[in-house]
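Just so it is clear, A, B, C and D label the chains in written order, and each chain counts residues from 1 on its own.
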C-alpha cells in the first residue's frame, strides 16, 4: 500500500494550482462546462480514457489496468449562488444564471473544488503507480450535486451500460473540521431528503364574498398545521423525521381572495420505511385538507428534488476506517454521528448493487476546533464557518489537499492493491 | 269579536287554580301523563270531543260548531329538569327520570303551564260562546316541545288523518317581558336548530407510542377548528348561521390514547338553503378531517334532534297584530326581531300546508323592563329572569293569564267570528 | 325647485364632451393632475372661486350666494389600472405608473368620469340660476377614492378651516343599473373596510433543524385558522363582519425556514362596535399566536388602508328620496340594500358633524336589467358589467348624465332653494 | 461471592409461599397495609431493624454488619385495579377503593409481588450469611410506584436523615421475558414521564350566542393542534420526546357552551434539557392559546404525576452485567434498549447522590419467546402477556424467584463482599 502513496505529496503543488483555478471559476449546477473541460484534459493527460457530456456536463475517466476489481472514485463539480468574501487572492468574482433566470454571483461555498482537486491528484497518482496495483479505476466528475439531480442524470444517461463495472464506489466531502482529520461512519451517514411543491386549488373572488370562493389560504394553513402531526403522531418517537414547510405563497391584493396557494415542503428521513410513511401521510393530509374545504380539484404534489439516504456499507467503511487509522494515526480518524444533510453520491453504488463509502475530511485551521471529534460544536459556537457560508474557504489548504488525496488513494488501494 | 271575549276575565280565577296545579306537578318530555289527564278532563267538561295518547301523551280536543273554518290552538305540556327556587307557595318539588335514567328535580321553568292554562281558558270560553262563531276548534296539547320531538310524534301518529282539517294554526309562548304585552312578528320568527352527535373513530393505544394509534383527539380538535370556517367562509356575510361544538369527550387515563372521541354540535339557521349548506359543510369537514389522519373508518354523524324554522305567515301575522292593537292598545303590541331560539310548533301548519302564527306574551312585573319593546335588554342586564332559569316564575300572574287567554280568543276569532 | 332645473337638459351636450375628454384621459389615484386642471378651469369659468392642490391634487370651488346654508357637492377623480376594451371611440389608451412603479394601462372603469361630469353640470347650472337660491355651494373634486386616502388627505390639508362651513354633504356614484334610475338608502349604506399588513417575526434556519428556529409559517398558519373564530365565535350571529386573509408570503428555498411571514388582511363591518371588536380580536390573536411559538418579537400590524362606514343621514336621505320620487317618478327611485363595498365620501360629513347622503345612479341600457329594483341580480347573472370591469362603459350616456346632474341639483335644492 | 449464594436455592420453597400469599392479597397504591405488615415481620425475623409507616405505608429494614459500604435494595409493594383471570389457584379475588372512590378488583398485574419475594429472599440470605460480607444493608419496601409518588413520599418523610447512608441503590423489575434471563442497560434505561391536567377557563353560555361566551372547546382544540408543534418543531430531530393529549372533556348539552374544558397530557422524554424545553413549550402554548381567545383567566396547569428519568450508573451497571454473565452465563444476560416506560426507583440514588442500577428479570415460560434478547417482539406478536394485563401471572415461578433472588444477592455482593 505504501508503494501507492509514494510521491503523492510532491504532486500537491500542481494540484493546488488546479484547485485555485477551479475556485476562481466556479459554475452552477448543470452549467459546469469549463470545469468539465479542465478535468477531462487532466484525466486524458494522465492516461485515462475520457468521456464527456455524461448526464449533461458529467465526465468519466476510465483507467484499465487489469480487469478486476473496479473502483469508482467520485467528485462533484458544481458551485453555489453565493457571493464570496474577500479572504484569498484566488477569490471568485464569477457570476452565473440562477434558477430564476437572474444573474447571480457564484462561489465554491461547499468546497467541491477540493473534491475535484483531490480526485485528480488520486487519479494521476494511481496512473503513475499502476505497476503497484491492478484493476480498473473510474474517475467520475459528477454535475449538479447541490440540486440533487446529477448522479441520477449520469445513471439515466446509460452510465452502467457505457462504462466498466465496479466493485465499490468511493467519495468524500470536505467538512468544517480541522485539516488532516477524517470522519468515517459505517452504516447510515446522511439523511434522505425529499422536496415537494404543493399547489392548492381553490376558487378566487372578492374578499367581502368568501361564500363565493374556496379560500386556498385557509386550506394551505390547515395543511401546514396538520402536517405537524406527521412527526408528532405518525412516526415512532425513536425514529427520526423532519417535515418542514419552508415556503408558502398566495395572493397579492388585500381584498382579493386568490385562486391558488403554493407550498414548498422538505422532508428528511433516515429509514426508507419511515420515508414512505411520511410521504404517504403528506399526500393524505394535503388531499383531505383540500377536500374538507370543498376544493374544486385535488392539489398537485410535485417532487422538486430528492436525495436518497446515504448508507455506507458497514464492512467496507470499517476497513477504510482501519486503513486510515493505520496510515494517518488514530487521533486523525473519527466516527461521526449521522447527519441530517443530504447527498446523492449513494446513487452509484445503489444502482450497481455494490458497496459504497462516503467520508468527510477537514479543511480548516485546527485552532478553531477545540475538540476535533466534535467539529459541529465549533461551528455551532461560531468558531468556524459552516458549509454554504461565504466564508467557507479552506484555510489549511495544502495539508487538506494532501490528506484528501492520500485518503482517496488509501481507500482505493484496499481494493486495487 | 267583543262578544267572544265577554266574560273571559271572570274565568281567570279558576284558570289560575289550574295553572297552580300544573305548576306544582310538572312532568318531563313524553312523561306528561298526569298533565294530559287534567287537560283532557277540562276539555271534555267544556264539551270537546277528546282523544288522548296522540303521539305518546298528546291530547286533542275537537269542538265542531259548523264545518269551516278550522282553527288549531296549541299549547305544549312538558317541563324541564330544573330545581325551582322558593319564590311561590305553589312551587314544584316534583322529580322525574332524566335522560340518563337519574332522578332529577322538575320545574315548569319555560312557562308551558301558562300556555296550557291560557289554552284551556280560551277553549272553555269559545265553547261557552259558541253562538257567536262558527267553525271547528282543535285544542292541541302537545308533549315534548323541549326536546323537539313532540309535534312530529303527534303528526306521525296520524294527526292529519284522524282529526278535522284546519285553516290556520295558532300558538303562543310566554317570554321574559312585561305582563299584558304581546310580541308578533310576520315572517321568520325563530331559527331552525339541528343538533348532531359526531363519533370519531381512531385507534387507541399507549400514550408513548402514538405511531401505533390514530389519535381521535387530534382529529376531533381539527374538526372543531375547521368547523369555524363554515360560518366564516362558506356562508354569505348577510346570512345568519351558528355552528357550535358544545361538548367534546374522549379518553380517561392520562397515558392511554383513546379509540374514539365524541362531539355534540348545534346548528342554527334562518334559511333552508343556508341550513343545507351548513349541514353539507359539516359532513364534508368531519369526514375529511378524519380521513386526513388515516382513520380506520368514517365518523358517525347522527341527529340528536331538529327544530324546523318557525315562519309566521305574513298576512295572518299582520292581521293578528292589527287585531291585538285594536283590542289591547298599540302600547301593548310590538314587532320583535327574529330569535335564535327554536320551537317545533311550526310543524302543524307546515304539514297541513296552512298558515301558522306564533307569538309571545309577557309574564312578569313591568317594573323590571325599562323599555317594553326591548325586553331582552332587561334580561341581558340581569333585571329579569330568562327562560329555563330556576327563577322563571311569572310574577304578574293574573294579568298574564288574562291577556294570554284573550289573545288566543282574539286571534282565533279572526277566523271563527 | 323646478326653476333650478330649467335649462339643465340643454347643457348636457357640452357636458358629454367634458365626459368624453375625461374618459379618454384617465389618471390614477393622487396623479389626477390634468383632470384637476380641466375641472378647475370649468369651475372658474362658471364663477367659482377655485383652490387647487388641496390634499395633493384635490380641487375646491366655492360659490357664495348668501351665507347659509352651505352645501357640499363631491365628485371623485381617480381611475383604475385597467385596460379598456374597444367599445367606444372615446376609449382610453392612457397609461400611468402603478403602485409597484410599473407602467400600466389606465381606465375610468369605476365611472368617476360620470361623477365629475355631473358635478360640473350641476355647478354650472347652479351658478347660472343663482337668483333662484341662496347659500354657499362647495364643489369638491376629490383625488384617490379608490385607495381610500383622498378624502382624508383633503381634510388633513385644512379643508374645514380653509373653506366655508356646510350643512350637508352630497355625493353620488354610478352603478351597474338602468339609466335614469336612482337608488337612495337611509342609514347604513356601505361597509367600513380595513386592510392590514401583518408581519410575523420568527427565526430562520435550516429546514432540517427546526429546533433552532421559530417557524413563522407555522405561526402564520395558526393565525389564519384562528382568525376564522372571529366571525364564527366573537360576533353576534345577527351582526355582519368579514375577515379575509387575502395574501400570505413566506420563504423561497425548500430547505430554508424563513425568518418572517407576511399576511394581508381585509375586514368588512357595518357597525363601529363590531369593527372595534373585530380589530381588537385580530390584534389579540396575532400577538398570542406568535407568542405561543416563542416568537422573538411581536408581529407588526400596520394599516394598509381604511374606508369608514358610509351612513346616510336618515332624515336627509328620506327627503332626497321623496324629492327624487316627486321629480322623476316613483318607478325610477329605489331603496337598495346595504352594500359590502366601501367608499370614503362619508369622511366630509363626519368631520364637519353634519348630515351626508350618498346615492347611486344607473348608467346602462335598461334592457339588461329585468328588474330595475334589483340590478345586482343582472350583474350576478352576467347580463350587465360590474364596476371595475374593462366593460364598465356607460351605454345610455346622455340620459345618464342628464339624470345624474338633475339629481345633484334636485338634492342640493332641498337645502338651497 | 459464591459463599453468599450458598443455600439460597433451598430457601425458595418458603419464598414461593410468601409470593403466593402476596399475590392473593394485593393492595392498591398507598393502601399496602397488610403487605407492609407481612414484609416487616419477615425482615424482623431475619434480624433487620425495621421501621414502618415511612412515607405512608413504606417499610425500611436495616441490617448493620460493619459500617461500610451501604447497599440499598428496593422492592415496590403496590398492585393495580385489574381483575385477574382464572389461571392459578392463588388467584386474587381482592378488591380495593379506586381513585374515584369506587370499589374495584385488585391484582398484582405488574408483578411487584415477585419483587417483594425476591427482596425478602435476598435479605434473609444476606442475614444468614453475614460472616461472608460486611457493611450495611437497607431493605426498602416502597409504596405506590404505579402512581409515581411512593419513592418521593419516603424521601420526604426523612428517609435520608433517618436511615444509614448507602453507596449504591439496587432494584429490579419483572418483565415479560423468559425465566432466568436478565436485562441490564448502562446509562439511560427508562423515560421521564410527566402527566399534567390542564383546565381551560372560558365563559359559558347559550350555543346560539357564541359572542357572549369565550368558547373553551375552541381553545382546547387549538391547544391540542398547537401542541403537535412541540415535537415537530421545537425538539431536535435526533432527540426523543412524546407529547400526548390523552383525554379531553367539556360540555354536556348540545346547545350549551360550557365554561371550562379539561385536558390530560402525558409527556415522555429521555433528557432533562429536552424535558424542560417540552414543559416550557406546553405552558407557553396553553397560556397563549387561551389568551388568543380572550379567556377570562389563565388555564390551570397541574401535575398529575411525574416519573423521573431512570439512569443507571454506567460503571455500576457494567460491573453488575459482568457479574451476572460470570455467574449465570452470557446466554442469560442481555443489554436491552431504553424503554419509554417509567419508574420512580431512581429517586433514591438521585437524592443521595450515589449510583443506582435497575434491571429486569424474565418471569415466563421461555417457549413464548423465540429470541430471548428481544422479548418485546414476542409481546408485540401476542405470544406473551404484557405488564398490566390480567394475564400477567408468572408461569415459570420457582426459576424466576430463584434467579431474581440470586441476581439481587450477586449485585449486592459486588459492594458487600
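Assume contacts are C-beta pairs under 8 Å (C-beta built on N, C-alpha and C of every residue); 3 or more make two chains touch, one makes a residue touch a chain.
Just so it is clear, the model here is predicted, and its values are computed rather than measured.
Engineer: In terms of residue-numbered contact pairs, which of B-C, B-D or A-B coincides with A-C for over half of them?
Structural biologist: B-D
Engineer: Among the chains, which one keeps its Cα centre farthest from the Cα centre of subunit B?
Structural biologist: The most remote chain is A.
Engineer: Whole-Å distance, subunit C centre to subunit D centre, using C-alpha means?
Structural biologist: 71
Engineer: Using mean C-alpha positions as chain centres, tell me how far subunit A is from subunit D in Å, no decimals.
Structural biologist: Roughly 46 Å separates the two chain centres.
Engineer: Would you mind pulling out the distance in Å between where the CA atoms of subunit B average out and where those of subunit D do?
Structural biologist: 56
Engineer: Touching at least two other chains at once: which residues of subunit B meet that condition?
Structural biologist: 208-210, 215, 218, 222, 225-226, 228-229, 232-233, 237, 242, 268, 340
Engineer: For subunit B, which residues are in contact with subunit D within the complex?
Structural biologist: On the subunit B side, the touching residues are 191, 193, 195-197, 206-210, 215, 217-218, 220-222, 224-225, 228, 242, 244-258, 261, 264-266, 268, 304-305, 340-341.
Engineer: Once bound in the complex, which stretches of subunit D touch subunit A?
Structural biologist: Its residues touching subunit A are 225-233, 237-238, 240-243, 268, 340.
Engineer: Quick one: which bits of subunit B touch subunit A in the complex? Just the residue numbers, please.
Structural biologist: Those residues of subunit B that touch subunit A are 208-211, 213, 215, 218, 222, 226, 229, 232-237, 239, 281, 284-285, 287-289, 291-294.
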